[in-house]
Amino acid sequence: MKLEVRQLVFRFPNASGNLFSDLSFQLPAEGFHALFGPSGVGKTTLARMLTGEIRGFSGEISLNGNRRVLYTYNLERLPGWSSVRRHLDETAPPARRLQAQELITEFGIDGCVDSRFSRLSMGQQNRANLVRYLLQEFDVLIMDESLANVDEFTREKIILKIKALFPERCFLYISHNVAEVARLCGRILVLRAASKAPQVVCVQGADHAPESPAPQPERLERAMLEIVHAA
Amino acid sequence: MKLEVRQLVFRFPNASGNLFSDLSFQLPAEGFHALFGPSGVGKTTLARMLTGEIRGFSGEISLNGNRRVLYTYNLERLPGWSSVRRHLDETAPPARRLQAQELITEFGIDGCVDSRFSRLSMGQQNRANLVRYLLQEFDVLIMDESLANVDEFTREKIILKIKALFPERCFLYISHNVAEVARLCGRILVLRAASKAPQVVCVQGADHAPESPAPQPERLERAMLEIVHAA
Amino acid sequence: MLRRRIFQFFMIYALGIALLFALKYALGLSDYVVPGPAEIGRTASVYAGPYLLAVLNTLAVAILGHLLSIGLATAVAILGRLTAWVGSFIRTAAYNIQAYPIVAVAPIIFILLGDGLGSRLLIAAMICYFPLLLSFIGIFSEPVAEIEHFYESTQRMTWRLQVKIRAFENIHKISTVVVGSATMAMVGTIVAEFIAATAGIGYSIRIALYQSDLAKILVALFLIGVGTSLYLVSLEGLGAALQARFKRS
Amino acid sequence: MLRRRIFQFFMIYALGIALLFALKYALGLSDYVVPGPAEIGRTASVYAGPYLLAVLNTLAVAILGHLLSIGLATAVAILGRLTAWVGSFIRTAAYNIQAYPIVAVAPIIFILLGDGLGSRLLIAAMICYFPLLLSFIGIFSEPVAEIEHFYESTQRMTWRLQVKIRAFENIHKISTVVVGSATMAMVGTIVAEFIAATAGIGYSIRIALYQSDLAKILVALFLIGVGTSLYLVSLEGLGAALQARFKRS
Amino acid sequence: KEKLEDVGYRLKWLYNVSTVGDLYADAQGYFARNGLKVQVKPGGPERDALKELELGHAHFGVASADQVFRAVAKGAPIVVLAQLFQVNPLNWIYRPDRTPFTSPKDWKGKTIGVTFGGNDETIMRALMARYRIADVEVDLFSVRYDYTPFYEGRVAFWPLYLNAQAVIIGNKLAQAGERFDFVSPDRLGVKFVANSVVTTRQMVANHPDTVKRFLSALLQGWRDALDPRNEDQAVRVLAQMDRETPEAVVRRQLTVTRELMLPAAGVAFGEIDVDAWKQTAEIMAAQQLIPAGLPVESVLVTGLGPPP
């Protein structure tokens, strides 16, 4: 049941050139994958196409039964009328209250979730928002720079936790950190300017998992080089 | 004329514990330096204290004649009534129109500055906003994750450009990317939890400059290790 | 706050009176066009008492009408958010009815509701709710993407939640309008009393006009000003308190 | 848009009339209390012409008054942003004056301005500008930190720039209020004519009221509704166009 | 004690001297004595007793002749029971020193205040017709409740009620040392009937007894209220309802009201002056306010009131 995109062509109205010309790729139905590429290349746009938010493109996107595709980005906010914790409790299915607490602790925001969202630091906001989404039902979760303002150490902890908790889900992680994606992601879709063909190059990442031996440096090296060259 | 902070103690009203207890550091009047630390440790707060935006702390902050301390962060927006380029032209001192164009090109946003800010991708927004500030008169510029949504390659290009153009100014760059700060920054102020003492550890970075040989790997290694251990 | 407002009101009132007197003596208008200080004083000493009661009476109705109109505005604004046709129909209705001068509609209202508090309240509310409605429509129909995205994409969004989010994001604007519209409630009630000629200060003003007694009117305006200021201040206090409660922690 | 609005208005009007007729035939009321279709038809055939002219006359004044009140509201709201004391003084003034029923203030206005277009315009504007003012104060007094930070910290902020930024960020809300307040301008003008002028539809309504001739009033209300709808539609068109201009590129 | 019959009575205007008899009859228990519990409701600009009669909000009411004819012309089942004002109180005040007046001819070239659509316009036009004054010869000014134009002298003749505002305005002018006088349409031969007591045909047909008892109590009340011997009592009764008018003024108003209401000797109080009603109808028909040939007598119910 993989997610598949075929010959996507798109240009923004009143934009000079195509943003996507003949863009195609596949994504396995499971695993933690990355969408990588230079700023302005079209990652967010592509993501919003997968959720059906942006239309008016030619080519086809087949979710193959991945009914619930969620998209989250780093600028989202929680309402201000009650504490972050209460919002998380209210939006989590009862069955997952425990998991909620687990995520809060593991993500290192236990100390601040009792205050309102606006009081949180940027990275804390990123994490609080992400927890919210992880507690929902979804087949695919697209994380658009969802951890952009979190420090690398915490970030890795979080990603490993996600991989441990939701092995059967599909994640598409948009990040600008080469080392991070090379180390932690399975497939890395490198999105490139419309001028280049193919517009998406798929690099195999080290896909480091918790409780597994650290990937060999040279393997990482290779992945990183491939990514950098592709981009 | 260095920037100096002595025995800073601060807690947010209605916060449980101190955010800063006895925080002290110095910063040379020139150069490109970093403020580093885990998410939620107090970087943004400290920055807003240096600009005088947050008060009510004990201890002292002496700017020693660095009159103009500017603070910019990654969530800022440009008004929507005209294109980014027009805003940049309007806010740049006439003498620096040329430099404006240079920065736009070097930062790689030449292709999008003719549309309104809201149309830009996040990384493009980061860069457009930063250009604005670089064209102002300042002694110290604090960049709070100002490039958080820009890809690493472009980011390095930008930082090197800044170092080349404004050698006599002082920059305090808040970033979560260890490798980046270790490689490009002079001093790296590592901010730590209030429980630890000293709360700020100052690590010497490789301070890589344009047209200078790449820093030796082991030097980078060392800096990175120091940073990670400090944090 | 209170002290300041009242003081400021006194200043404004004094200014107005001064202007009138200036005019009186400049144009040499006789006492029956613009009454002299003496006469105003006399009138005040006689009517301050009864008028004060009348103003309190009016204020009571105004507060009721204000609540009513807040409810009305919220309801209409929320309905106005409905799917294209119904929503715009309701807005059209609200707008068009609003364009009718109450004086023209009043006889019909009396036919339908008879006299008494009912029609008085309705007229007051009708005059006061529209400014609220306009702001509310503007606020409730403008999405707050960064907050609403989550609820939309998880099918959690209900109209109540949406309204709550948008209201909360614009709490400052809303409280400004709600507080300010208190004055509309006051004027609405007075006009209602004026045309329904039942009780309250509006009724007294009507008679004063009938007796062409500007002095009485000036006394009435003074008391109305005081009453309104008090109400405004208490509302502002309330609003500040509420907003504070939410800013906390 | 236009077609829809007009159609919707017709529906609303028809609804109202139907209600009245239902009442008439249920209670067996004479044409004096609720005129029958024939009576209304006769009145319409005679007065539709002159009333249409009157409405156009009123509409013209209303548009002037609307512009005036937009200017007034903007000015007051901007001044209301001034440093604590002055600002709050101006707000207090605006609020308190608003709390005065126009009918009570009218005599004073006439003394100051005499009758004629001047006081007619002023009264219309006074009735219409307050809803605008409330929204404007709310909008202009709420900072947009992510945009204003730059100008503040580089000492570039001027009050004009600040107003521009806040207005632009709230363009949707503003255009809603401005469009909506058109109806207030209309009703304001009608009320002004009702108490002051010797022209315009408000004046005709006043006469019809004296003659307790509901048929005439119904005809007048119909024409007012059409006129208002037309004005609203054109304003909405304008607003949409303006907003589009800014969303482009 | 048998319970009283509830009756609604809608006045033409707010409680003031022109309603003193109505209030007196109620306060002094005249209604009660006739087995009636009457709710005397104040009128007002937006009120119309005739409509309320039809809607059943009231059983009796006070309306002026022009209102009655307008309603009847449109099929309202209204009848007149009694005529309170024998002389229409509507007059025009003026300053003889500035604009002397001996006959309507003196109006030529002057500015005259009228309430367009109001009965003062009708009366004024009747006077002008009677004295052959063309519209173009006078300057009609639209009046509202604000007297400034008259005070400032921009309008020479201003309409008001002789027994109500006239006293108040008169005082003001007197205080300012200005002479003033009134133009009385009645003296100029225009008889235009004012406040009268009305009810519906059904009422007369179905409850003649109630009507009788109400009318006798009411007229009794009026007679006694206007009797100088009861003046203190009348003033007190009125003061209960109308706190806004100073006593001194009320006493002056009462005097004037007597002159306008008390009929000639030998005529019962409230007597309907049929000729005046006919003239009123003619005046209105002449101005196309009502169709010509309205059956005036059929609107007037005579002989219900008590004897002189």
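In order of appearance the chains are A, B, C, D and E, and numbering begins at 1 in each one.
Simple rule for what comes next: a residue touches a chain if its C-beta (ideal position, glycine included) is under 8 Å from a C-beta of that chain, and two chains touch if they have at least 3 such contacts.
Being a predicted model, the structure only gives us computed values, none of them experimental.
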Inset, instruction - Among all other chains, pick the one whose mean CA position is farthest from the mean CA position of chain B. - result: E
Inset, instruction - Find the chain most remote from chain A, comparing centres computed as mean CA coordinates. - result: E
Legend entry - Contact pairs, highest-scoring chain pair: C-D
Legend entry - Distance between chain centroids, defined by C-alpha means - chain B, chain D (Å): 51
Inset, instruction - Give, as an integer number of Å, the spacing between the C-alpha centres of chain B and chain A. - result: 26
Inset, instruction - List the centre-to-centre spacing of chain D and chain E in whole Å, with centres computed as mean CA coordinates. - result: 38
Legend entry - Numbers and ranges of chain D residues touching at least 2 other chains: 33, 107, 111, 206, 209, 212, 249
Legend entry - Sites on chain A at which at least two other chains make contact: 75, 119
Inset, instruction - Could you list the positions in chain E whose residues touch two or more of the other chains? - result: 45-46, 48, 51, 55, 146, 148
Legend entry - Pairwise chain contacts, counting only pairs that touch as defined: A-B, A-C, B-D, C-D, C-E, D-E
Inset, instruction - Note which residues of chain D are touching chain C in the complex, please. - result: 4-5, 8-9, 11-13, 20, 23, 33-34, 85, 88-89, 92-93, 95-105, 107-108, 111-112, 130-131, 133-135, 137-139, 141-142, 172-174, 176-177, 180-181, 183-184, 186-187, 190-191, 194, 202, 205-206, 209, 212, 214, 217, 220-221, 224-225, 228-229, 232
Inset, instruction - Name, in rising order, each residue of chain A that touches chain B in their complex. - result: 12, 37-40, 44, 74-75, 108-109, 111-112, 119-124, 126-127, 145, 148-155, 176-179, 228, 231
Legend entry - Sites on chain B touched by chain D in the complex: 51, 70-73, 75-81, 83, 91, 114-116, 119, 129, 132-133, 136
Legend entry - In the complex, chain C residues that touch chain A: 146-147, 149-150, 153-154, 156, 164-165, 168-169, 246, 249
Inset, instruction - Over in the complex, which chain E residues touch chain C? Could you list them? - result: 14, 41-42, 44-48, 51, 55, 57, 145-148, 151-152, 165, 168-169, 172-173, 175-176, 243-245
